[in-house]
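The following blocks contain the structures, represented as structure tokens.
Look for chain A in each of the two complexes below; its partner is chain B in the first and chain C in the second.
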Partner chain A sequence: MIRPTEERREAGSYSDFRATGLRWVLLAVVMLFCIGPLFWQAVTSVKPDADLVRLPPILPAEITATHYERVLLGSPLVQALANSVVVAAGATVVSIVVGSFCAFALARLPIAGKSIILGLILVTSMFPPIAVISPLYLVMRELGLRDTLMALSLTHAVYALPLAVWLLTSFIRQLPSELYYAARVDGCTPLRALLTVILPLARPGLAVAALLVFIFSWNEFMFALTLTASDATRTAPVAVALFPGLYEIPWGDLAAASLVVTLPVAGLALVFHRHIVAGLTAGSVKG
Partner chain B sequence: MVPRRTSMTGAAMRRTLSEKSWGYVLAAPAFILVGCLALAPIAAALWLSLRHRLPILAVDEFVGAANYLDLLSDDRFWAACRTTLYFTVLSVTIELVLGLGLALLLHGLTRRPSPSARIAQVVTILPWAVPTVVSAQIWLWLYQPDYGLLNYLLRQAGVVAASVDWLADPDWAIHAAIAMDVWKTTPFAALLLLAGLKAVPEDLYDAARIDGAGWWERFRMITLPLLMPIILITLVFRTMDAVRVFDAVYVLTGGGPGNATETLSIYAYKTLFQSLQFGYGSALATAMFVIAAALSTMYLLLLRRHLREVP
Partner chain C sequence: MAEVCLKGLEKRIGHTTILHPLDLTVRDGEFFVLVGPSGCGKSTLLHLLAGLDRPTSGRILFDGADVTELEPRERDAALVFQTYALYPHMTVRDNLSFPLRVASGAQRVDRKGKDIENEVQRVAGFLGLKSLLDRRPRELSGGQRQRVALGRALIRKPRLFLLDEPLSNLDAQLRSSMRTELRQLHEELKITTIYVTHDQTEAMTLGDRLATLDQGRIHQVGRPHDVYAAPANVFVAGFLGYPPMNLLQARVGSEGIAAGPFQFTVPSDLPESVRQQGVTVGVRPEDVMVGISADRHEDGAVSGVVRLVEPAGPTCWVTCDLLDRLARVTVVGASASGYSPKIGDAVTVSVRRPAVHLFDSSTGQRFGSV
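On to the complex of A and B.
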């Protein structure tokens, strides 16, 4: 009696592979692979120093908060986290504002050379960042922005702009154009129509784009490494990469710092999982 | 339009701007930002690549294609090309195959709504969200020769007799970097492919099943062709990233031991910021761009041909 229902439920499955048990085992292995390294880092971050330099035990008999205290009190990491918040928030605001204006122009307004513009934007995202760093450094020095958070924030905004523009253009194109023309007939300027009609409707797209830009900026390393030169401007990934160790790498502190730096973006990714995947597939498939 | 503008109040002017002019006005901030901070530096890099510029030696002269000719006879450049290509081909292939496997697995399990399958799907995104620098530190600790977990587990399982210093061994080091990259990006490739799988209409499978097609035939005749666009797009993105790989290798090995894991990005970085050869470094970076662009053009042509073949 059970077989037929099983069959029907499985009907439509493209796989005859009915050993569901085996699938769960496989999945468990995959999950272990995905989470294992992070879990080990979490274990390391609460191990007393004595347990760090021996194995076994894999799990410590007692746990300690020393490593967290050390990285959160009186280390440059706190400053670096604050810098990362400022840089990522600034980059997000700039690229979303500028990007949504540009996306709207590309999606709704009759400007010439749209494909050239989109092509140029794409080239920007293809060019290896390493190539532009030294000229970029000179530009920043000319602008008086050398070794400032603003320089890094603007750079991140520009290099995240292609993603924001692609995503928002495809999103705005999906909104019915009648809404825009109705607003125009009612006497709105295009800017007003954008601000009062289009953008409120595009909120889900804006949120996804903002999320992706924020995560990109938070995690970005190469620009952050080369455009910042002091503890006052270093971002969190740079602080983790250049983690100070006098003779030995302080693995426990490093683990604690790694997790603290990862927590904000990992949290965002878990909470907005569905939106992130939808945003990236939309951006890539329609792009 | 320009002379009239001065005679009008701002409000009147805003109302008389044509749709087209509005388009340019609204797109202008993006152009200015991209122009100043991306296109101008790119142009400057191209210009620099035609010069010898060594500030410490006070050398700054136009040399034409000399830097590029030097590249051709630079063994270290070719070694970096080989390393980068090896890293790219191996990591992207493994990520795609494993990612497709994981996507099929998740697709099969999430077909029936179950909380644990949902959780598995959500958790899969975690390695993607971890900053690359952090993942490199995590793996540095796993690889640690004396008390790293990997060596311990392998010793316990009897796979190795004594601990291996993975990152100090020229043959192992590049594979250690690839393994880290696979960990970081496979899950995300899987999620992109999963989104593609969910868009494949179920009726096709039912029809094929009625015609007596086995799972391999259904996979080959339905899943794979319909998934091809998203597979190719994943390939483009992953290839571009892998060709430019920097963070992971920089933290994990710094390009060493010797130059065993020196990728093009690392070589360009060292040339630019350690030996301060701005002209030669820019030529290296431009060569990287050409390689990345050639690879993605190839994929995009494949994609276009594929889209033309499948109605």
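On to the complex of A and C.
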């Protein structure tokens, strides 16, 4: 690991000072841009209703939990969070299972035109969701899956599959091919070699792929909005967007709700960010 | 145990020919060595035998039964890889028992109902792995990993035992002791073994028979001693033996064959075409004596100057420039007993006969010796 240079440098000359100063200013601007809205949301979520539409004060004089109470006790958000967990978990399982089979085939089995297949898989992930939404809606309606968690879960799985296939293909390619050959010579069918030798060794890659699919599905909005129609099936992002507001926009409740939805995945990303970066660059540098 | 027969086996990838059609029979219980430089197609041949790859054409027979289209697990051949390919997520015990567990589909007993743990103990016993059974491969030394790889291949008593440069990742000391062990193992088990190597020392010392492979073609098959004594062509001559055989371009004249300053009599059966094309003369370094100039001149000895000295136990390998009118000729020879050569010494060089091999310069084929 290479440390940033300024840490190693002696207490700086004037130009060093200017360069570091500039760097801090730029960093602060970027930070403000990224974290600012989130911070504002956090502040809003604990402001009393009376302070919400007034400025100053920027920071509230007193902190209230009413927004959180209303959101967590008296709204469909809890149901929506549960739906989100089900949908995201389903999407993750389907795309990882299907994805690891695809990836194994593309990485190890003798198939003609592997690079073309990988390219086509990549192309499918480039379609903007809006372009496929109406046919997809019709398909789901014909299948009788409209307004079900399964419809959404499957859609997310399909949409996340290219990512999973690419990640896992590069991960499996990294494993020495001799291990696969050894398993075959030791009597395994290709499937058994995959299950007993390759997948256990690809666990870090599987974990990263699963995490990314889960986060994608958790955050996805457009399909979730289109394919669901009732509180029983809506996922968290949709629920937040459709938050009940009769005569006025309930800013405080909205802020509390969106924080509740954001925190789980933000936490996951924070905990696993090292692995995610490592997984995304798998195969680019020889380990 | 099986006799392995290859009939017209050929492998091409796209327009590149990896293996030209080849025929070969490895006898039941034989220790057979395939030797050749890297990229000669020997690993491809092993993969074809193990069933990891399919030939473009030709057939593979085990005991007369065609196995060309069979899956690896239906062939009952075991393969040891150069990189060992131990399963890193399994203990030594699980690595060893893996083939048995796969074959039986159970954890405790093998296909024939025998207790797997007993088999593991038996193999670990004769490979000296008993104390390591609960370790993982990354906690083992190179030699120990090598033994586990051998054990994993031997535990199911395969019909055919394939080894792909199994010793090349070991240090020299360990390599020579493992060589002896492999030989002993084969004496005990008598499993038909095909051993692939690029190391001519292994080829010479290990095998009952060997085949030299270069650029996808088998050049010569035979017992190591026979191949060494009568190499079929220039490639085999230069590849087997250390230091490599001296190969000198020679002219055929009225008074004899002239290879640099050396003169050899023309064999009576020398084909006319060879007489026209020219001859390559091959002499093994151990058949070239390098002595100090002051010694009496033997018949046919020539003068030279020492360029390089490579001590090798009792003798030294001496590289000499020979004094010749036409071209600079360099040969490697053995120092005469009692003479310790130094660079720059003036020496006499003589060739022991009939240890001189003659090759057709245009085809590289051997046609005799003088």
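The criterion applied here is as follows: the second predicted complex is superposed on the first by the 247 of 287 C-alpha atoms of A that agree within 3 Å, B and C clash if a C-alpha of one lies under 4 Å from a C-alpha of the other, contacts with A are read in each partner's own complex, and residues count from 1 in each chain.
As a working rule, contacts are C-beta pairs under 8 Å (C-beta built on N, C-alpha and C of every residue); 3 or more make two chains touch, one makes a residue touch a chain.
All values derive from a computational prediction rather than experimental measurement.
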item: Joint occupancy of chain A by chain B and chain C, clash or fit; value: fit
item: Winner by number of chain A residues touched, once chain B and chain C are compared; value: B
item: Partner chain in contact with A:49 - chain B first, chain C second, else both or neither; value: neither
item: Chain B versus chain C as contact partner of A:33, first or second or both or neither; value: first
item: Which of chain B and chain C A:179 touches, first, second, both or neither; value: second
item: Cα-centre angle that chain B and chain C span when viewed from chain A, reported as a multiple of 10 degrees; value: 90
item: Touching partner for A:200 - first (chain B), second (chain C), both, neither; value: second
item: First, second, both or neither for A:189, with chain B first and chain C second; value: both
item: Lowest C-alpha to C-alpha distance for chain C against chain B (Å); value: 6
item: Intersection of chain A interface sets (partners chain B, chain C); value: 189
item: Residues of chain A touching chain B in the complex; value: 9, 11-17, 23-24, 26-27, 30-31, 33-35, 37-38, 40-41, 44, 52-56, 58, 94, 97-99, 101-102, 104-106, 109-112, 117, 120-121, 123-124, 126-136, 138-139, 154-155, 157-159, 161, 165, 189-191, 194, 215, 218-219, 221-222, 226, 236-238, 240-241, 243, 251, 254-255, 258, 261-262, 265-266, 268-270, 273, 276-278, 280-281, 284-285
item: Residues of chain A touching chain C in the complex; value: 176, 178-179, 181-189, 192, 196-197, 200-201
item: Chain A-facing residues of chain C, complex; value: 47, 50-52, 71-73, 77-79, 81, 83, 85-89, 98-99, 102-103, 152, 156
item: Residues of chain B touching chain A in the complex; value: 14-15, 17, 19-20, 22-24, 26-27, 29-31, 33-34, 36-42, 44-45, 48, 102, 104-106, 108-109, 111-112, 120-139, 141-142, 144, 146-147, 149, 152, 183, 187, 191-192, 194-196, 200, 202, 205-206, 209, 214-215, 218-219, 222-223, 229-230, 233-234, 237, 240, 243-244, 246-247, 250-251, 264-265, 268-269, 272-273, 278, 281-282, 285-286, 288-289, 292-293, 296
